[in-house]
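The same subunit A turns up in both complexes below, where it pairs with subunit B and then with subunit C.
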Partner chain A sequence: MVIGVARTDFEKLEVYQLAERLADLTWRIALHWDQMAKATLGGQLIRAADSVGANIAEGCGRGSYGDNRRFAKIARGSLYETKHWLRRAYSRDLLDAGQIEQLRSIIDELAPRLNAYIRSIGRAACNPKTDTTDYGPRTTHMSTLVDDPRVIEFDVRTDEMLVNMGPQHPSTHGVLRLVLRTDGEVVSEVTPHLGYLHRCAEKIGENLTPRQWIPYTDRMDYLAGMNMNLGWSLTVEKLLKYEPPEKGRHLRVIIAEMGRIASHLVGMGAYGLDLGSFSPFLYAFREREKILDLFEEVCGARLTYSYLTVGGATADLPRGWLQKCEAFLEQFEPIIAEYHALLTTNSIFIKRTAGIGVMSPEMAINFGTSGPVLRGSGVDHDLRRDGEEIYTAMYDGYAFEVIVEKDGHYPKDHKYPAVPHEAVLGDCWHRFYVRMLEVVQSIDLVRQAIDRYSTAEGGYGEPRKLTEKLPKGEAYLETESPRGQMGFYLVSDGSSIPWRARARSSSFCNLSVTSDLCRGCLIADIPAIVGSLDIVMGEIDR
Partner chain B sequence: MAEFLANYLPAWLAYMVAGAIHVGLIINLVAVGALVFIWLERKISGRIQDRLGPTRVGGKFGWLQTLADGLKLLTKEDLVPGGADKMLFRIAPYVSFCASIAAFLAIPFAGGDYPFIVQHVNTGVFFVLAVLGLEVFGVILAGYASASKWSLFGAMREAAQVVSYEVPLGLCAVVPVMLAGSLDLVVIGDVQQGWFTNWLIFHDPATFLIFWVYFTCATASVNRAPFDLAEAESELVAGFHTEYSGLRWSFFFMAEYGSMFSVSLLASILFLGGWNGPLPITEWLGLTAANGDIAWYIGQVLGVINVIGKAVAGVCVMMWIRWTLPRLRIDQVMATCLKYCTPLAAAFFLGAVAWQWSLPGRTFFGLLESPAELQSVSEGWSDATAAATDEDEPEASEDQTVSSEPSRKVAAAKLTGAAALQIASTNLQGGK
Partner chain C sequence: MSGQAFVDQLKQKFGDDIVGANLENVDPWVEVTAQGLLAVCQHLHDEPSLAFDYLNSVTAVDYLETDPKKAAKADFEPHMQVVYHLFSMQHKHSLVLKVIVPRWRDDVPGQLPEVPSVAGIWATADWHERECFDLLGVKFTDHPNLRRILCPEDWVGYPLRKDYEMPTEYHGIRGR
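Here is the complex of A and B:
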C-alpha cells in the first residue's frame, strides 16, 4: 500500500475503505431503530460516520499536504464523534452484542490507522515492492500502528524540500531537469523531466531525403555523430538492400570505433567532473581533440560530421591518414593508465561510485537499458556481435570480446586494473569501468580495421543519389552506438522522401532508471548515478 | 611600535597610529597573498592539466590576471536576491573575511626577543584556531540568508563539516604545544632553532604522522577539495555562494585563500620549524642580535622569507590535491574526520607523550640531543617523571626566559580569545 501525497486514488487507501465499512455498517444498524431513535441518535450517528470517509476523500483531492492533513484531522474528529454516538446507542440498549463486536473491530483498526495516515501525509511515497533500498524508518506503510516504536521518530522529522536540479545545473549533462524531493541530504524521490532540447528532428525527417537527414542525426548524440550517421545509413541501406563494398565496410569500422573512443573519452572526463575532479576532463579532451583533428581531415567537421552516409562515405580517407591514425593509437594507448590512476583506481573515486546506484541485470533488462549501462550490470549483450546481419556483417572476421563481467571476471585480453572489492556488479563503478575497457577494445578494432582497409580492393562506397526513390516498405535497425542501442525506423511510400522517420534513443531508456536508482541516496550521489548513465540530452529529446 | 611612537605622540594617538600600520600591513599581506595565490592556483592547475594558464595580462606569465579579474568583479552588479535576508546577506562575506584576517594578528613571522608579530599573544595557538573557526559563520550566514535551496544545502554541509574537523585539528595542534611547553607561537617556533633535525615534525614518529593528520584537517577547515562540500559545484551549483556576485563573491575567495595561508603558516610554525631554515645559515653568517641591529634585522627578514616560503609550499600542496582528487561525500568527510582522524590524532598524541616521557631531551626520532631551547622543557619532563613533585609548571619559567618583556605584560592579562581581540586593537606592539 502506498501512502502519500496529493493522490486522487483515495479509494485505494485502507483508512478510506475502513471508513466506508464503518459508515455502511452504522447505516444498516440504524435502519432498524424506531422512529424516535432514528430522529435523534441515528441521524447524528450516520452523519458522523459518513463524515469520516468524506473528509479523507476530500483531503486527498485538495492537492496539498497542509489541506490533506487538515481534512484527515477533521476525519479523526468525526471518528471520535461516531464513537460518542455509538456509546450513547449502547447505553440506550440500541445495539446487540454482534453489532458491538463488528463495530469495535472496525473502530479499533480505523483509529490507529487514521493516526498513522495523518502522520504519513507529506512524507515520500515509498513502494515496498520496487524499493529495495533500506533507508530506515521512512519506509512506512499503512500498517504502522500508534504503538509502533518507529512512530516516535516521525515526530522529530524535518520538513521535506522540493529542489529543481536543472535544466540549468552544472552536472545534469545539458538540459535535463531532475525534481528532487529531499529530506536534508537524503533524496527520497527523483523525477526526470525532458523536452528542453526537442527540435522535431523526426518530423523534419519526413520532409527530407534520407541523405539530407544525415546532418540531423549528427545532432542527436552530438558526442558520437559518426555513429549516428552510421545507424541511419545502415537503416536506409537495409531498405534498399544495398551492401557497401568491402573497403567501405572497414572504413566504417575505423570511423565508428574512433567515434566510440572519442565519445567514451567525454563520458569518462565528464564523470570526473560530476565527482568534483576537474583534471581528468581536460586529459580526456586533450586526446579527444586529436581524434577530432583526424575527423576534421577526413570530412572537414569536428562535431557534426555527416561523413558516413547512405551508400558508404562522402569521401575516401585522405592520403597518409592511416599512418596518422596509427600514430595516434600508439601514443594514446599508454595514456589510458593515467586515466585509471586518476579515476578508476583512485580510492576516493571508488568510495564515491562503488556500491552506489546498483542495478540488477533483471532491472537493466526490464528498463530496456543498453550499451555500457546494460553490460555494467553483467548482461552479455552487444549488437556488434548479437545484432542484425546487416550490421554484424561490418564486424565479420574481427576478433573482439564483449566487455562484460562473465563468470566473475572481465575479459583478460589486456592488462586491466583489478576490480576493487567494494564494487558490486551493476553499480556506478562497473558502468564506468566497462566504458574504459571498451576504449581499449576499440583501439584493437581500429588497428584490425586499418590492416584490412589497406589491403582491401575496390571502392569505399559512393554515396547514393540524393533523389533516389526508396522502395516501398519499412525498415528498422539498431546499432551499437557508444551509449547503447540506437535504433532508426523508416517507412517509405515509394517516393524519395520517407513517409516516416523515427529514432529510438538508447539514452532515453538508460535515463528511465534514474528514479529507481536514486531513491534513498544522498544528493551527492545524484550526479554520480546520472553521470554513470552517460546520457546525451540531444539524443533523448531529438 | 606604540611605545616608540609614544615618545613623540600622545599615548592614545600612538596606539591608533601603530594599530593602523599593523592592520594595513596585515590586510595587504592577505590581499596580496590572495592575489598571488589565485594567480598561482590558475598557473598550477593549468600546468597540472596540460594547459598554460593565464599568459597575457601584465606581460609575461599573466601575473596581473587576478588584478584584471578583480577589476571585472568590481564592475559587476551587486545582486541581492528578492527573498534574501538582505542585511545578513550583505554582512556574511565580511564576517568570513574579517575572521580570516584576524587570525593573522597572532601569527608571528619571525621570532626571537623581538618577534615580528602584530600582537604577541602567549596563547597564540588557541587564538588562531579559535578565530579561524569563526570563518564558517560567514559561510553559514551566507547560505542561510540567500533564500536559495542550494545555498542552504551548502550551509548545512558546512555546519556538519565544522563539527567534524575542529576536534582532530585541535588535537593535532596540542602535540607541538606539549613538546614546546607553551601555547605561544613565538616560543614554539624558537624551540626549533638550528638544523632541520630540530623541527618538531622530525621530533619523533608520532609527530611526523600527526603532521599529515593536521594537514588533512587543515585542508578540510579551509573548504578545499576534496573537502569543498559547501560549494561542491557539480552537486550544489555553487553551494553557499550561489547567489553572490561581484565583489562580495570575491570576498569569500579572499577569505578562503587567506585561511589557506594562515593554516599553512600555522603548520610551518607548529611543525616545520617556522622562521628557522633547514640549516642554521643566519648563525653561520652572524646575522644575530649579538652582531648589531642591522645584522639582526637581516636575519629576521630571512626568517620571514623562510616561514612564508614554507606556507606557500603548503598552499601549493593544497592546490595540487585539489586538482588531483575527486570530492568526498558529506558522510565520508565526517567519517574521515571523526572516525579516522580523531582517533589517529589521539593515538599519535599519546605516542608523542610516551616518546617524550621515555626519551626526554632527544630529538630527530630520538637520534640526536635536543637543542638548549628544547632542553629546558625536557627537564620539566624528566623532573616530572623522576620526582613527580608538585613544583611550579616548568613551562612558566621557560616562558619567561624565552619570551620578551612585553609578552609577559600580555601574559599577565590572562587572555581569552575575545579579550585578545580587544587587546590586539588597543595595545598594539611588535617588532622593535
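Here is the complex of A and C:
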C-alpha cells in the first residue's frame, strides 16, 4: 500500500478541526453577552480563539518545517491565552455550567494534540517534496481524504517508554546494559548497568604475588593485554624502585605501541559496525590478525599475553622478529588511507558522528575521562609525555607529538584527511579521528623503538623472582593504555603478596559520561556515542 | 606537590583537619579528617596555584588482620583508609589524600563508616564512590545515588573487606 502525506491540507488536521470548533463555540457564547462584556472580554476571547486555528493553517502553508513549527507554537500560545480569557469570563459569571463542560472537553483534547503535533512536524515518514507517487487528479483525492488509509495522522500521541539496550546488544561492546527512557525517538535518560563481567580481580590480587596477577590484568582490557601487563609491571617496579635495562625499555615500547595499533583497529572496525557499515571491520581485522600473529610468535598467546612482566619481559624477542615487524609496518602504513576513505571521510559516517555527543573539555576533565576521549575534546594531555617519571622515562628521547587539536589544528607531521566543517571539537567524529591519528603515531614510535632496540646493549630485562618480597609501602601509577589512563594501586605490608591491589579503569570513567552525553539525543545516536567511547567491559567490571 | 612546605600551608589553613602526612612513601600522602575533607578538596580544586581539577581514583583499603597469630604482631589497629588520587591538568602535578575511618561506625558491626561525598566537586567520584561503597562498605554521605554498581543490588556484604566470607548460596547458585 502506498502511504502519502497531504501536508498542505490543513483542513483535515484533527488539531485544526478542534481549533475550529473551539473558535465557533466561543463566538456563539459571546454573542449573547451584554455590550460591555462583548467590547472588553468578548473581543479578546474571540481573537485568541480564532488565532489558534489561523496559525495552524498559516504554518501549514509556509512549506518549511521550521516555519510550520514556529506557527504551531504561536497557536499553542493563543490556546493558552484563550484559556485565560475563559477563566476571566467564568469568574465574572458569564459562562454557565453546560458551556464550561463543552469548552473543557474541547480544550482538554486540543492541548495534548497540539503538543504532539508540534513534536511531529518534520518527522513524518515521507516528504511531500520528494514524494512522486501519483495520487490521481487532485479533486478526487480531496474527496476521499477523510478516511484515506494512505494518509498518516500528524498528531500522533507518544508515551514515555523504558527500553532495555543490552546486555546482549551487539553495539554495547560486551555485556553493558543501558536502560533508555524514551519519548518517541528522543531519549530523555540513559542509565548504564554494569557488573555482568565482574570477576573480583582485585580480591584475587590480594591473594597472589604481583607476577602471578599479570594474567588477570590481561583479562581486564582483553583488547590491549600487553598494555595492561605493562601498567601493572611498572606499578610494581615503582614500588621496588627498579628500572629495566635499556634494551628492555625499547622492547616494551615496541610491544606497547603495537598493542595500541591492534586495539585501535578493533575500536575502528567495531565503530563501523555500530554505525551499520560492515566492511571496515573486515579490513581492520585482517591487519589486526597480522599483529596477533607477531604477538603469538613472541609469547605464544594471541589475546591474553602475560608477556611483559615485573622486571622486563618473560622472554626476549625471537630472532628475525624485528624484520617481520618492520615488513608489517611497511605493508600496513599505506592501508590507513583506505580506512580514511571507508570511514573518516565517508559522508554517511560524518553525518552519523559529526556534531553528535559533543563533550566540552571541562566536562571531559570533571568526569575523569582519558585517552582519545579526553583528547577528542581538545585537552592536551598524554601520559607518555605528562605522566610520572617512571613511565615517561620509557619514551625518553622518542620524537612524537600528542594527538590533539591545538590552536585549531591537529599535528602536521603527516598528511591527514581534513576535518569536515560539520565536525565540532569534542564530538564522536573527533574521538574517532584521534584514534586513527594515534595509529600513525604508533607506527612512527615502533620504528624508532626498533632502531634503538637493535643497537641497545645488555639484557632485555629478566623477570623478577616470583615470590620476591615487596618493600612496605604503597604505589599508584597510571599509564597511557589505548583506551585511556589505566591506573594500578598497590599497597604492600612487606610480604610477597600485596595487601591491596586495585585497578583504576579508564573505560569505567569514560563510560560514566554516557548519562550526560546521551540526554536528549535520538535512539539511533546511542550506538554512535557509546561506540565512540570505545569501552571494553572486561576492564570496567574487572 | 607534597613537600613539607605544602603540608604546612594546608595545616595553617585547615588546622586540625590536616591530621598528618607521610612524605617518605613512594607516593607521599596527606591525611585529612572526614569532617574537613570537603573544605580541603574544594580548596585544592579551586585554588589557582593548585588547580586539582582531575580526580584519578577513589578507593579504600581495609586494615584488618584476620589471622589471630599475625593479629597479635600487627603494627596497626583495625581501620579503613579511603584514598583519593588527584591530578592537575594545568600544572601536571599529583597528590594523594587519605581519610582514616573506623571499620564500623561506633564499632557496631553493620553500621558503615561515613565519609562525605566529593561527587559535587569531581564527577568522577560519583561512580568511584559507588564502587567503593559496593566493595568495601564505606558510606559516602550526600552522594547523589549511592547504590551498588558492580555487584547485584541484593548482594550481602562487602567483598573487598578482609573478613568477608563468600556466601554459600545466591539465588540457588552455589557459592563455595
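Keep in mind that, in the parts below, the second predicted complex is superposed on the first by the 385 of 542 C-alpha atoms of A that agree within 3 Å, B and C clash if a C-alpha of one lies under 4 Å from a C-alpha of the other, contacts with A are read in each partner's own complex, and residues count from 1 in each chain.
Definition applied: contacts are C-beta pairs under 8 Å (C-beta built on N, C-alpha and C of every residue); 3 or more make two chains touch, one makes a residue touch a chain.
None of the values given here were measured: they were computed from a predicted structure.
Could you tell me whether subunit B and subunit C fit or clash when both sit on subunit A in the superposition?
Superposition check on subunit A shows subunit B and subunit C fit without a clash.
A:Val179 contacts which: subunit B (first), subunit C (second), both, neither?
neither
Please indicate which partner A:Leu329 is in contact with in the superposed arrangement: first for subunit B, second for subunit C, both, or neither.
It touches nothing on subunit B or subunit C.
Does the superposition put A:Pro527 against subunit B (first), subunit C (second), both, or neither?
First partner only, subunit B.
Considering only the touch criterion stated at the top, classify A:Asp274 as touching first (subunit B), second (subunit C), both, or neither.
First partner only, subunit B.
A:Gly487 contacts which: subunit B (first), subunit C (second), both, neither?
second
Check whether A:Cys509 is in contact with subunit B, with subunit C, with both or with neither, and answer first, second, both or neither.
A:Cys509 contacts subunit C only, not subunit B.
Subunit B and subunit C, closest CA-CA distance after overlay, in Å?
The answer is 25 Å, the least C-alpha separation in the overlay.
Over in the complex, which subunit B residues touch subunit A? Could you list them?
45, 48-51, 149-150, 153, 156-157, 225-226, 228-229, 232-237, 323-332
Which part of subunit C faces subunit A closely enough to touch in the complex?
The touching residues are 25-27, 53-57, 59, 61-62, 83, 85, 89, 92, 94, 96, 122-124, 126-127, 131, 135, 148-152, 159-160.
Enumerate the contact residues on subunit A facing subunit C in the complex.
That would be residues 194-195, 198, 200, 202-203, 206, 238-239, 241, 363, 365-368, 379, 381, 386, 388, 473-476, 478, 485, 487, 489, 491, 499-500, 502, 504, 508-509, 512, 541-542 of subunit A.
Which residues of subunit A touch subunit B once you look at their complex with the stated criterion?
161, 163, 169-171, 184-185, 272-279, 282-283, 286, 342-343, 346, 348-349, 351-352, 522-527
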